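The same subunit A turns up in both complexes below, where it pairs with subunit B and then with subunit C.
Here is the complex of A and B:
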């Protein structure tokens, strides 16, 4: 980072001392311990949760060897979060969602960040994965000929719940194939056309999910499919002794559902880690360099002998496969899928994550995913709750002088995602198109024209 | 854009003639396809005579399709103007359209509160509709110019995707801004076009005899007004672009910004004017849309915006006449899909699939003829 550009001599040795002194790991350790304590004292407080998660950012920026950073992150994600999660299941839910969206964002990052293809319908692949397990993991196969809403509840499922593990891999394959099927006709198009076509494709998938309850009831229409099976957990995890022990620690009743909370958090984390490794390896591979070449100059890339359509298709398929796997996990986690989840705003959320963090930058994208997910499910919700609390009180809005109680219900911050996302997109594009944690190459690209102007 | 043409009369009459040709041509073509399909599928249904029902529905479906087509065409012009000049998809155009719709509705609601909409003659009512359209044009035109100034101009010259992402941001921002405004002022976020005047009355074109029952084929005054207003927009735009000095400057900037600048054209001003004109057309379409479909909400611009973009691509993006043609073809297809799909497939696929239709056309056009029906193949600008 900046260390390499620091002036030599005295300053340099000072800098060296500062960055290599053992004080940083100790400080970060203290910070993590402190925020962990704060979270245990007030499990509902948003600010401590955010500070606690911000510890990961400090770990990332800590001037230390990667092994030590990894060990720190491992302790926070692998031990502290589950430990805090015993008494505070919402933290696990946040962790799960961040992992899910970080995986989606990494997938989209391959398409948009690495290969430079703007995909506005990315959530469709997630939907493919989710509906895949929703269809086979529920009783929908029995209901093919019944009208949505009129099916009987049966005790048995057509497939074993543990086929989930098989479908996790099938999800990867099926969404990759969907990506190829969509990509084959449209990848010849120029960038901006591609954006609109993928947007259209995303809408098509949603419309299909909404309407394929006739002539054959495949998706159960707008009502969605439920219940969807979850894989069985090992017996000792759900045994009464285990539950009792955990209840003792948490000082509340821990149920099997809570155990599933741990399970899904762990599963999503593992998938995320695999995704990070795959994305990192791809970035430095021959294919990754081909993507960069295509992104920067298509014509030159073709001249260099890069097979254009095949390389683009690979980006589409690989990006899609990440979200397909997460779709399967999501369906099992929620035990319910409906078309609502896969709206355009969801695609845009993922895009905002990628752009906020930094196109093409893996750590940036993960941070972007964490920030936007927190914004979506934690921050805006907390704001809404706070506002409705104020509305029930007798207070008066400070400057306007109107009582809070007269504020219209429609002004609920949780409904203004689009406003926030829109602003983020515009502001990022104008002031920092390379994102908060940019990748070096992207940074150079984005400011190319400015340099050219400066030289002229 | 089009080649230079300076004869004012020709600039006005030529597009009118072309338009007439398009409307008739595409109507006939689509009708023939549907009738052929009806004869082919005649045997599949025993409960009704497909051919007969096709004929009965046909005139109404055509009228609806053409009306819708003119709305799409007017929106599509905004896309095409901006694309022609900047090679940039103004993703937020649908929202500019939505602001126009709200502006038109709001001014009439304001007038209704003043009691100005009761007991008025037909001519006054017509004047009020025109007023709503003009308000929509002014609001949307100014909005488009400000959006360009704030969110697009700083990004001129960046990689292609940068302004597009900014435009997507603007689109979402504007949706929720309108939602916020409406919610905080009115407590709810949708509004309805006030009912007044004789516009819902129908004007009977002719009567068909169906098994002894007389069936009127009628057209609402609303539809006539819409078509006439949209036609005036199209003709006006053609005049502006092809027969005035400003139009010449717009075409020059579209061809080569740098050279146009060297020739003494104020490129920034011309781009602003392009957005003003495109936005005003969008606003007019918005007000007409509200007039036709009554209810407006902050998300009303999104799908029409997308479809109008499809229309612009269909006709050959950057080409004004093409945008009109694309709009009409798309409106017709959508209207036909909405009415006949359900009948032909025995209810298995209904009107819900009409949106998919638009996207399928878009994809097909982009694959097989990316330059559109009327567009010339142009290389990417450096």
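Here is the complex of A and C:
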């Protein structure tokens, strides 16, 4: 950890000594083993789950060679999470969603963090990917002329389920093209104006999805498209012997649906890793430098021979392509796609992940996605469950003296998602505007004024 | 006589009612060091902005290196072999000095495309390494201390930032370099050094140098020819000795200064 996070010099030097000693990797290993054990003892307990995932942070901050860190992370993500997932499928769902949103956030980070173009309609590209597979991977092609909601479920699909793999790549291409189409007319605008127009375009895509059930039923309107096919898994994974074996380990009935849980977690993880590599390599290339240059000083960038529109479009297209691929995966995972998923608030959620984690910082953005996703689907939900358990009991709220059962439903924490985000964002902007794991460059930009004052 | 490197024919630029550049003809031959001077607000920087394509002239045309630059974007004009520095330094403040220069080499890094970057092809790595080596060479060439490349541009002292800006422009391998008040804010010894650098640019790199300058010592000391602009119009042209004696030039400068002097006296009088 850096000096700024340690409260005092003594603590910091102790911390430094500890993390640089040869026993530190062993301690991290023990920590991981311990938290893994705790998760197995109480699969539902939120605190163990969070401590377990926090192990990844320790690995990230471990002052070791990248190979060792990667090996550690590989063990946690590739072996421990699936292993724990056998008895605790929710962990796989969390892992899947974090991977999905981290990929989206990395894509948006290219547009907002690298190139400095504020895009408030980013979720539209995710929608394009999702609807692409939803359309071709479902029975929607049979229903072009039927009114939404009136069609019958048929036993057959127009396309083979395994075309999913092809559409994964088509999703990349189609959303990249959408990015270029949307970007071309608006990229002459800067700053706030660009943000407003992209916001509009994001809504246009959602409204199209909502209304394109007439005159030809392409999207099935607000009802959404379902069922959507999933790719076939290799036979041995879904064989009765395999299911029985896994059921034995998990001490519960493991179904084919659970196997898909492993599959989608693994697939999303692979896509996330590819995305990280691509984003990192692009950042450190001619294109990445051109993005930063445009963000820092557009006029000077042009004078250096950087084609403004083409470079900005590249950011739009590449950013869009990541979420397009994830959109295809999302459609198959949920087997259901509807316009609601792609609301403005979803765009803003992804933006919150980017800003919270650290604009322009790849590890930061992943961290942001993890924090926001965990808050969304784990923290607040668990709190809500806990509260409803109390409400059903006969206990009394301490101090207030009111029975839990009379607690109004409106106080359900899951309803306060946005409020909690708002508070977190405000607190972050006051105390750490550069994000949880800031990029070096952004950190300097944020503290420019303080430095200038200090110098004066 | 061969074709001039840069040729402006009757260039006019208006901003609303103000004629910033009025019917200016200007010719620059390859391999020379020349200056454009004029009082504040005379239209010198506007002229630079027209040459580099940031502004489109309302009338007249600009030819560079055998191409008309009309209808070309600024980045395309840079790719033709022209690069510039700015009056108030415009480095990319939060990028390292090395990155700044690599951005300058943007037009030269053709082999480094996005796909190559993602796959880290041999071609990409070689192009990048070559560009870095060239950047290090440029840093030495403009006399920046070793290790400057890793520093953040913003943290450099003023004089060094000017040098980085020149190195960044040189990274584009230009035939013509436009320097907008390159010695502004420099102390006399830094100015001396800068003048030597400009001469070296021409002598050993073969770059044609066009300066906008206020410091008369620099202008008179280095320019082979001087073009004087006042109120957007060219009022004189010639060698340093010639221009120094030109009556209109003296009037433009002295007149303005005398006026300023009066104003200042009046202001001081008013306060007293």
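The definition used in the following text is that the second predicted complex is superposed on the first by the 422 of 456 C-alpha atoms of A that agree within 3 Å, B and C clash if a C-alpha of one lies under 4 Å from a C-alpha of the other, contacts with A are read in each partner's own complex, and residues count from 1 in each chain.
Here is the rule we go by: a residue touches a chain if its C-beta (ideal position, glycine included) is under 8 Å from a C-beta of that chain, and two chains touch if they have at least 3 such contacts.
It should be emphasised that the depicted structure is a prediction, and the values quoted were computed from it without experimental measurement.
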Inset, instruction - Quick one: on subunit A, after the overlay, do subunit B and subunit C clash, or do they fit? Just give me the call. - result: fit
Legend entry - Partner chain in contact with A:211 - subunit B first, subunit C second, else both or neither: first
Inset, instruction - Using the superposition on chain A described above, determine whether A:281 touches subunit B (first), subunit C (second), both, or neither. - result: second
Legend entry - Spatial angle subunit C-subunit A-subunit B, Cα centroids [nearest 10 degrees]: 70
Inset, instruction - Could you say whether A:289 touches subunit B, subunit C, both of them, or neither, answering first, second, both or neither? - result: second
Legend entry - subunit B versus subunit C as contact partner of A:118, first or second or both or neither: first
Inset, instruction - In the overlay, answer first, second, both or neither for which of subunit B and subunit C A:445 touches. - result: both
Inset, instruction - Scan A:370 for contacts with subunit B and subunit C and give back first, second, both or neither. - result: neither
Inset, instruction - For A:188, decide between first (touching subunit B), second (touching subunit C), both and neither. - result: first
Legend entry - Per-residue contact with subunit A, leading partner among subunit C and subunit B: B
Legend entry - subunit B versus subunit C as contact partner of A:200, first or second or both or neither: first
Legend entry - subunit B and subunit C, minimum CA distance [Å, superposed model]: 11
Inset, instruction - Using the superposition described at the top, list the residues of subunit A that contact subunit B and also contact subunit C. - result: 445
Inset, instruction - Would you mind writing out the residues of subunit C in touch with subunit A in their complex? - result: 52, 54, 73-76, 78-79, 83-84, 86, 90-95, 99, 102-104, 106-107, 109, 112-114, 117-118, 120, 124, 128, 152, 154, 168, 172
Inset, instruction - Report the residues of subunit B in contact with subunit A in the complex, numbered from low to high. - result: 88-89, 150-151, 154-155, 157-166, 168-177, 179-180, 182-184, 187-189, 306, 309, 313, 347-350, 352-353, 355-356, 358-359, 362-363, 366-367, 370, 380
Legend entry - Interface residues, subunit A side, partner subunit C - complex: 277-278, 281-282, 284-290, 292-293, 296-297, 299-308, 314, 318, 441, 444-445, 448
Legend entry - Partner subunit B, residues of subunit A touching it in the complex: 116, 118, 120, 185-186, 188-193, 195-197, 199-201, 203-204, 207-208, 210-211, 214-215, 345, 348, 351, 355, 408-411, 415-419, 421-426, 429-430, 433, 445-446, 449
